[in-house]
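By letter and in written order, the chains are A, B and C; residue numbering begins at 1 in each of them.
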Amino acid sequence: MAIDTNTLKYLDNVPGPFYVFELPVRVWHWLHALSISTLIITGYLISSPPPSLHGEASTHFVFGYIRMIHFIAGMVFTVGLLVRFYWAFVGNYHARELFVIPVWRKDFWTGMLHELKYYAFLTRKSSKFVGHNPLAQIAMFFTNVLLGLFMICTGLALYSQGTGAGSWADRMFGWVFIIEPSSQTVRMWHLFGMWIFLTFVIIHIYMAIREDLYSRQNGVGCIISGFRRYRDDGPMGPQ
Amino acid sequence: MHAQETFYDVMRSHGITRRSFVKFCTLTAAGLGLGHEFAGKIAHALETKPRTPVIWLHGLECTCCTESFIRSGNPLVGDVVLSMLSLDYDDTLMAAAGHQAEEILEQTIEKYDGQYILACEGNPPLNEDGMYCIQGGKPFIEKLRHMADHCKAIIAWGSCASWGCVQAAKPNPTQAVPIHKVIHDKPIIKVPGCPPIAEVMTGVITYMLAFERMPALDRQGRPKMFYGQRLHDKCYRRPHFDAGQFVEKFDDEGARRGYCLYKVGCKGPTTYNACSSIEWNGGLSWPVKSGHGCLGCAEDDFWDKGSFYSPVSDLGVTGNVEHTANKVGGVIAGAAAIGVAAHAAGTVVAKATSKKPTATAEEEIR
Amino acid sequence: MAAVTTPNGFELDDSGQRVVVDPICRIEGHLRIEVNLDENNVIRNAVSMGNMWRGLEVILQGRDPRDAWAFTERICGVCTGVHALQSVRAVEDALDIQIPTNANLIRNLMMLAQYTQDHLVHFYHLHALDWVDVVSALSADPKATSELQQAISRWPKSSPAYFSDVQKRLTKFVESGQLGIFANAYWGSPAYKLPPEANLLATTHYLEALDFQKEIIKIHTVFGGRNPHPNWLVGGMPCTIDIDNAGAAGTVSMTWLNMISDIIDQSIAFTDQVYIPDLKAIASFYKDWGFGGGLSSMNVLSYGEFPAHPNEYTNHSFMLPSGAIVDGDLSNVHDVDVRDPTQIQEFVSHSWYEYPDETVGYHPWDGVTEPKFELGPNTLGTKTSIEQIDESAKYSWLKAPRWRGHAMEVGPLARYLVAYARGREDIKEQVDSLLSELGLPITALFSTLGRTAARGLEASWSAHKMREVFDELMTNLKNGDSATANMDKFDPSTWPAEARGVGFGEAPRGALGHWVQIKDTKIDNYQCIVPTTWNASPRDPQGNIGAYEAALLGTPMANAEQPLEILRTIHSFDPCLACSTHVMSHDGKELSSVKVR
């Protein structure tokens, strides 16, 4: 792309489309979506197991599988986030949006203020963006990065209880239990984190679809094709 | 000082043969999970050493640790007290009282400065200048600090001394604190549990006497040999956990078949203790085996995790009111879903009514 | 104060030498006793000071009532389980939950085991050293000891060689110079009356009992998973019984039932062949030491225990009846209603708590408690270094419970007196036969030794009762009933918005009650009045003294420096100070005033 989207300012009238989400980012997104869905479902079942199956214990492994799927999904989630972090270095400008919040930029804050007003129905003018809008970017940072790391640390710390003292998980994540000695508490905060993730997922999906239906740009399509397309040729700023 | 008697001397005088003595050492080694090669070391240690003085203090507690201690089957507590160590002060068992009892503390410091083991059951309250626990007219914490200053190492018996336990549960009116919060300059071995298993207690102490060293401790200061694994890891009901076979309520069909107690609140999966391997009262049974879930009594703050009958616990953010992660999380996610639906409806309405205003706006712009 | 007479008829004179005993060892918890002696070393004033407060009832507020048993069980680890039992009873009472027959039988069995074990440990390990001179045992003739043993009992461990071995062990122990728990005690005091042979016998049994006590409580381990602090359940018992099916090996099955049966046999043998004969032998040497009666000849109280019929907590059902005896009138036993606000009340005029009006008392359902630590003007020392307490002001962490305004004594002796006065044949027979054997009148019971004797008789009674209850359990199982829990109302959604209940019964140390109020499925108010609060009670606004203080009066001390006599009498009550923790406001608002620094 010839245009440096980094320098795009409001009111610049640029037609697009822009290539925003590179293939690895898109693949990561959908893999992440899958792992999070799996983690939420299995995580909930771990906290509240399904009704018992009768018969010999040796013929069933239901809860074992639920936990195994949870662990596998957790590993996919962890590795995915690590790879995604790596891609922030080598990918395009938008690959860094998740990790770097441009708090120093005035237009980031004015943009966010406007988004807040827009979603609160206080204004009907909407903006166009190349990557994430400022509000979305903050939400992405807090859930996908901070909450994601929190879930990885607590999750692998809890995992280390099964792998035992001295195992890799214990050596890398056992420090969690220095901060919070009660593993039941760690477990509960991990479970609570799941609900925050679910809350994020609900809002995220809604926003993406809403974007497709009512905004001046594409939403879901963007993370499928990677291209940001606009519905009008107007300026980027609120219209 | 008199010539000191060794364990072996005492045992021989007790009519114990060499053969029984060696058997005892083997059992002790096995009890410690150490294997036969250590039996010789224990035997050697017991044959040659004078008895180490132990000062056993009681703060705010219920004496369940002492009661558990006297339930020890291997070794018998009579042998521990008469032959293995010198329990010079323990207000629950000692014959003396009043100032005769308190003098022993000073005598011990004088004779064994830096050599005795301080065992502490219970914990000191800090509120009201410590006067929620008075001993000899003074706050218990003074006694604890004084005796800690001169000891070699401290054993924190039970969850009170290790974590705070029941009197430190919210709102902790006496401001009771575990001893590591007030003693910072001595090695502390935490032996948590409410109470700890008898043989774990005697195991820890005989380990220290036999090997003349502190047991290896985990991150949280507990002996690895007894607190290295969760109950869950060695639970005989574990196959039912993996199979997804749970007791749904007490005395149901699942309970009769010995299914997993996780759904009725067992905290075995998050509790580090030796109950499922060593078991209680001479290896007879343990809570899960008897049909009740583990309360998690060896864990920090286990009182403040919500109902003992729920697999999910209190988040601990709202005091005593039970707020489990699933409840709070469910409300948040539910609110998000409702919010989204409302917002979507709002959007549709806004869009439907926006034809005109948009035109107006456009006119205004023009 | 010079000499005063209390409303309950005791003369107090604090003009003589003050003796302070703190800590009182060989008890549960922390207790201080101060006495004044006259010129003849006779105790003329006694002050009992509860030295600890943990605030468990404050902590219980807002919690799940089904969890309360676990919290209250931690009130005491010595009489473990007794609080848990009253707690589940209180919640069952509030929610109208009926427990199955097996659950009632198992609970009775566990409590009986607790009585037997607790009394045994008390007698040998907490009390015996007040009567038995361990050092004197070193000079005993093992052969004479063996003869003594064989004369009083058919207990098989009675050979001269056996006693000789124990003696050698003791000798070596003493010669090591490391006396451990026996250090600095009162050996050789003229207050010890036993001949060396009896001392060796008792010391030997001290060690035997230490080994054996851990067997009795295995009954708890089978049904409750462990001891101390076995598990309980609102609605029944958490253990399942299956004697037939595939899961049987993992539940309470034939193997464990056999084991319990064996333990019961051993318990009967030990109490009847060791404990009771020792008790008689020791008592026969101390017959002249008739001190320590205190309130026992006047006011005693029992709530009743061991319901023969499930869910029926009345004298029709109780194997040990409830009742109150006032002013020593054994012919008129009053009925006790723990729900009646005019019967049981607690006062705080001499306790470190605050009431708006401290001349009145509150029933536990209306209790107000706010800790207030302050010392009287005549206290010697400072706030954190008390040399001598001022009993005219607040002086204890215990409240002063009263029954219709009377200070009461509770415990095995109280239970036995009530049962005796109520004409219970099994108890009468036991008591009468002991008294006639020792050649003593019934009034001999009103003493330190009477308390100790009643405890021993009760241990034996409990061991035998275990056999009966176990047989009933087997019969019930034979009839095909294996239910152990009623879970119909376990789910909080089935509960009323507000409920209140009381769990009451008899702990080994005496009358124990738990009062609970439940609001919106949470504990709104929780109150316990425990045996030691009755017995170790400080004075009330009228100046009535409690059982400890009363029992110490008039006792001559052989040596003012050696508080043996004080220990004897105080130990005869089997104090449990951690139990006597108190606090909770009716509406919980006072909670905020608890200063947390």
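We take it that a contact is a pair of C-beta atoms (placed from the backbone, for glycine too) under 8 Å apart; a residue touches a chain by one contact, two chains touch by 3 or more.
No experiment lies behind these values; they were computed from the predicted model shown.
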Checklist outcome for this item: Per mean C-alpha coordinates, the chain lying farthest from chain B is A
Item to check | Distance-to-centre winner among chains (Cα means, whole assembly as reference) | outcome: B
Next on the checklist: Can you work out the whole-Å distance between the CA centroids of chain B and chain C?
Outcome noted: 27
Item to check | Centroid distance [mean C-alpha coordinates] between chain C and chain A, Å | outcome: 61
Checklist entry - So how far apart, in whole Å, are chain A and chain B when each is placed at the average of its C-alpha atoms? => result 39
Checklist outcome for this item: Residues of chain B that touch at least two other chains are 257
Item to check | Residue ranges of chain B in contact with chain A within the complex | outcome: 163, 218-220, 224, 228-230, 233, 239-248, 253-254, 257, 259, 262-263, 267, 269-272, 296, 299-302, 305, 311-316, 324-326, 328-330, 332-333, 336-337, 339-340, 343-344, 346-347, 350-351, 354, 357-358, 361
Item to check | Parts of chain C lying in touch with chain B, wherever the complex brings them together | outcome: 20-30, 32, 49, 51-56, 58-59, 61-64, 66-67, 70-71, 74-78, 80, 121, 125-126, 129, 134, 165-166, 168-169, 171-173, 175-186, 207, 210-211, 213-214, 217-218, 220-231, 233, 235-236, 238-240, 242, 245-247, 250-251, 371, 373, 381, 383-387, 397, 483-485, 487, 490, 522, 562-563, 567, 578, 583, 591, 594-597
Checklist outcome for this item: Counting only contacts in the complex, chain A reaches chain B at residues 44, 47-54, 57-64, 66-67, 119, 121, 124, 161-162, 164-165, 174-175, 177-178, 181-185, 187-189, 191-192, 194-196, 198-199, 202-203, 206, 210, 214
Item to check | Residue ranges of chain B touching chain C (in the complex, touch as defined) | outcome: 1-5, 9-10, 13-15, 50-51, 53, 58, 60-68, 70-73, 76-78, 81-83, 85-88, 90-98, 100-104, 107, 126-140, 142, 165-167, 169-176, 194-195, 198, 236, 249-252, 255-258, 275, 280-282, 284-292, 295, 297, 303, 306-309, 319-322
